[in-house]
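Below, subunit A partners subunit B and then partners subunit C, in two separate complexes.
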Partner chain A sequence: MSDISKPKDKARRKFMLKAGVAAGAAAIAPGVFLTMPAPAQAKPANQPVTSSKRWGILVDANKCGDGCNACVTACEKQNGWGAANPSEETHSRPEQKAQWIRKVTIRDKATQHVTTLPMMCQHCETPPCADVCPTGASFKRADGIVLVDKHICIGCRYCMMACPYKARSFIHEDLKNQKPWAPRGKGTVEACTLCVDLVDEGNIPACVDACNSTKGGALTFGDLYDENSEISRELKTYGGKEIRADLGLNTGVRYRGI
Partner chain B sequence: MKQLLTYREIEGKSTGFWILLGGLGVLIALALGAVLYMEHYGHYVTGMSNQIVWGMPHVFAIFLIVTASGILNPASIGTVFGKTVYKPLGRLSALLAISMLIGGLMILVLDLGHPDRLIVAMTYYNFKSIFAWNIILYNGFLAVTAVYIWLMMERKMNKYYPAAGLVAFVWRLVLTTGTGSIFGFIVAREGYDSALLAPMFVIMSFAYGLAVFILVLMAAYAWTKRPLGDVVLFRLKNLLGVFIASVLYFVIVYHLTNLYFTGHHGVERFILLDGGIFTGLFWIVQILIGSVLPLAMVYHPTIGKSRPAIAAAAALVVIGGFAQLYVLLIGGQAYPLNMFPGYEVTSSFFDGQVNSYSPSIWEITLGVGGIATALLMVTIAVRVLKFLPVSLEDSVVDPHAATKAD
Partner chain C sequence: MSQTRLLRALFALMISVLLALPLAATADEDDGEKEALPFSDLVVSLPEQRYSKETGCVLPESEMRRNHMKHILHQRDETMHEGIRTRQFSLEECINCHAEKDEQGQYIRVEDKRHFCATCHTYASVNIDCFECHSDIPVRKSKLHTLRSSLDPRPSSEHIADNLASGETLQLLTNEDEAQ
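Then we have the complex of A and B:
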């Protein structure tokens, strides 16, 4: 009797062992993954932003497609403005409609060479908009993102006068369907926020994401203070210019190919 | 014998007085209606846009604010520089300074995207912003000038008013420097970034302020049938000539300097040659009608002594002043930002092209309402308090004139 039971017990034991290991792994594994360092550095919500990072974007104008508007459309969808949101700004004239990012076409008068590039808030290190704002609503975060505090913006538009890049827009009418993560309001001024709500969760701005998805690959986002980040390595290898560099603003958005 | 200088309220019983009050009241009511409309629907109803962010309301407001500072000149010349002929004009001058400033500030505040957040502007300050400083300077000026008026009018306190006059004089120079610096501090736009703008605004304030003062003085004395002698009037009109010439000097230096920089040729060409309405306003209204013509009128041996001509010259200076501010404010924004030197630029956000602006009726109504507010304040004040001397004839004002007559 004992001879017959041994082989059965062996197979059963093997099975039980394997099942037990599998069950144990299934129980412990989620805990292991949770405690591993996350690949994206999401800032915990209750900690203040520090200046240990400086967010920036590198635009490679050589790769920017002439008829492509992926970055613009992505920004519109993410933040609730423009043609992707036809319910908004129905009364404003074209010159009055908000535009957080736009494609600019430049033609060298001497050589006739044409380049296209996206233009948005340049997130300057010394932003003129923050300098001139009487209430301090226009401000720069410690990590370099320039924002407007919609609670204290009085709508004087001085920042719009002062911005060397015409990056800011004023809202000329009531809005109906704002995105909860991108508040906008009649009578206040707004601009590209570097998708601060996405960045704070460890993601990348919508424009950069869209450009990468359409295999354009013209936009790189990252930490300018981290030597090993992709953006820093690209800047070190190929260089990157500021638009209106003579103003000495040390912008967070840099361009290649112009 | 020199007559005593006395101040008395105006009678304020004539039909003309009530029509004036009523008319100004209607203009203010219309302005408030326009503000309600703009506030309710949003700024899309105006001619302003993301390309031309400051428009007609700001032209009117800056004119009034600049005038307010300069219109204190007669008081300052009398108090600080001790010129006897100007002393009787001190109270009216200070009153006009307060009224014009309130009119201008009213326009600015009511044009804000969020006028309901005025309390925010008064409690959150970014001291790197010249706007924040201006909020303090403007309100401080109102207080300082009010004290100055009180010290002038309260006989027991008369000995203190020279100190107040000095404070007011210095304060308003700082204030006008602050107003000019609103534009002078803007590095982004080629029409603005210039240290010259602050002193130019100070000189502009002298000219506009005195022109408006002359007009108000002449109207007040003509309509109340009080005598206004040549001694006072001719001193004022000659001084106006000096100020007009000074403004012309600053304008010339500003443009010559800009023309010297090849990089600024674009904006200069725009203003001086092919900017359409801006070029027309600059040469014909600002320079010819607003500066050269009144200068000639004021110093002409016979024309300069005719009262209608003096009033006309002052009015032309005011018109020229509006044109100057329109060219500066709107023209400076119409010319595109130079982000890519040497390139032609196009985009969906109107980069690289001259921006157009047509003022809406709402903006103009608001601006006119600001002027009406200032004038209404003055009209009521001279009726209620002793701002106006009973007589400004030569024997009252200038002891030497009386001696000559004897």
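Then we have the complex of A and C:
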């Protein structure tokens, strides 16, 4: 597993750590500290996102239920794609349908052990989709969320070719009744946005919310740079794998039990 | 020969007078005390609730009619790339406020010329593709709060005159966004 907490500016990182410790820990007595997980706080609406955070999801494949589709359904409903958007039904072929998140089933040939896991945009630190984009439409936000700016996307689909996770879809036909918080339209590429509109308001992505409200609880969302966040503590204690770690993309989505 | 020259001169004079007439008329109109708003001959529906008593819309109407596209464009890039989600120039809030229902109580879609955005854009032959991706009807409740009535405004004419909202209003709007 490569180091997640690896921003380019080491000195800044150290400063942030100190500031974080000062804010997150209360001194009960000399030498005794009570460390509290900082509550998720929304940034003010008029402030830009900063690189002091990096959002990520930890997927525990052991808890991910075979046959459960709650995360996919929740994503469809939240962002208005797939079954949640009737204007998409006319799309010509099933392979062309949008897929922001999908369930993948893996069977180990030797042991016959079946693992299921959700697969979506892995929000890489060095996203290949952004590397190949000729217009700058694919980009990574300061807080690590990889997005498509559909205003400048020309629909060339290089990013779909470049993505090792097949996380992106192209919209082939006219759509109607999109959600105001998730605009999407013909001729542009789209993918998981980590529910960026919800995250900016201090909420968690729809898939994580749905998974937590079922008995699964396989998804953990949080700030990878905040060592007191649940996701960081889980990763520190139990570790988490990147899919295709050999590519060195340093993904924001990590898996356990695969 | 001189007769022909005289005739020619007369003809030229007539033509120049004819050409100058409409120009003079326009100049006369410009001399009027107040410049008309763009598309002021158009009947544009007003929203049920105004954003503020002072400016009406999020900025004075004259500013919005001329420059709404610039404000939306600026907001678009800030929201997309920096996650700045203030509501003042949010396209969703434009729709929330300006959407209208037809006789059947259904929201008018943008293909219909009665849609607020379509009214002017049809008239001015402007093709926009905002609504190929964005919602042209309200979906969720507005997150804008109209200014409280206790903050009663001064006469609006002075703000419209310089096409800018007063610093006080802008401060209020900013505070409101921060509070969200």
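Heads up, the rule we're going with is that the second predicted complex is superposed on the first by the 217 of 258 C-alpha atoms of A that agree within 3 Å, B and C clash if a C-alpha of one lies under 4 Å from a C-alpha of the other, contacts with A are read in each partner's own complex, and residues count from 1 in each chain.
Convention: a contact is a pair of C-beta atoms (placed from the backbone, for glycine too) under 8 Å apart; a residue touches a chain by one contact, two chains touch by 3 or more.
Predicted, not measured: the structure shown is a model, and the values here were computed from it.
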{"item": "Greater subunit A contact set [subunit C / subunit B]", "value": "B"}
{"item": "Contacts of A:49 with subunit B and subunit C, given as first, second, both or neither", "value": "second"}
{"item": "First, second, both or neither for A:216, with subunit B first and subunit C second", "value": "neither"}
{"item": "Touched partner set for A:174, first subunit B, second subunit C, both or neither", "value": "both"}
{"item": "A:186 touches, of subunit B and subunit C: first, second, both or neither?", "value": "both"}
{"item": "Contacts on subunit A seen with subunit B and repeated with subunit C across the two complexes", "value": "174, 186, 188"}
{"item": "Residues of subunit A that touch subunit C when the two form their complex", "value": "43-49, 139, 141-143, 147, 149-151, 174-175, 177-181, 183-186, 188, 196-197, 200-201"}
{"item": "Residue numbers on subunit B that touch subunit A, as the complex places them", "value": "41-44, 48-54, 112-115, 117-118, 120-121, 124-126, 128-132, 134-135, 182, 185-189, 333, 337, 339-340, 342-351, 355"}
{"item": "Touching residues (chain side subunit C, partner subunit A) in the complex", "value": "76-78, 80-87, 91-92, 95, 132-135, 139-140, 174, 177-178, 180"}
{"item": "Residues of subunit A that touch subunit B when the two form their complex", "value": "91-93, 95-99, 102-110, 119, 128, 130-137, 152-158, 160-166, 168-174, 186-189, 243-244, 247, 258"}
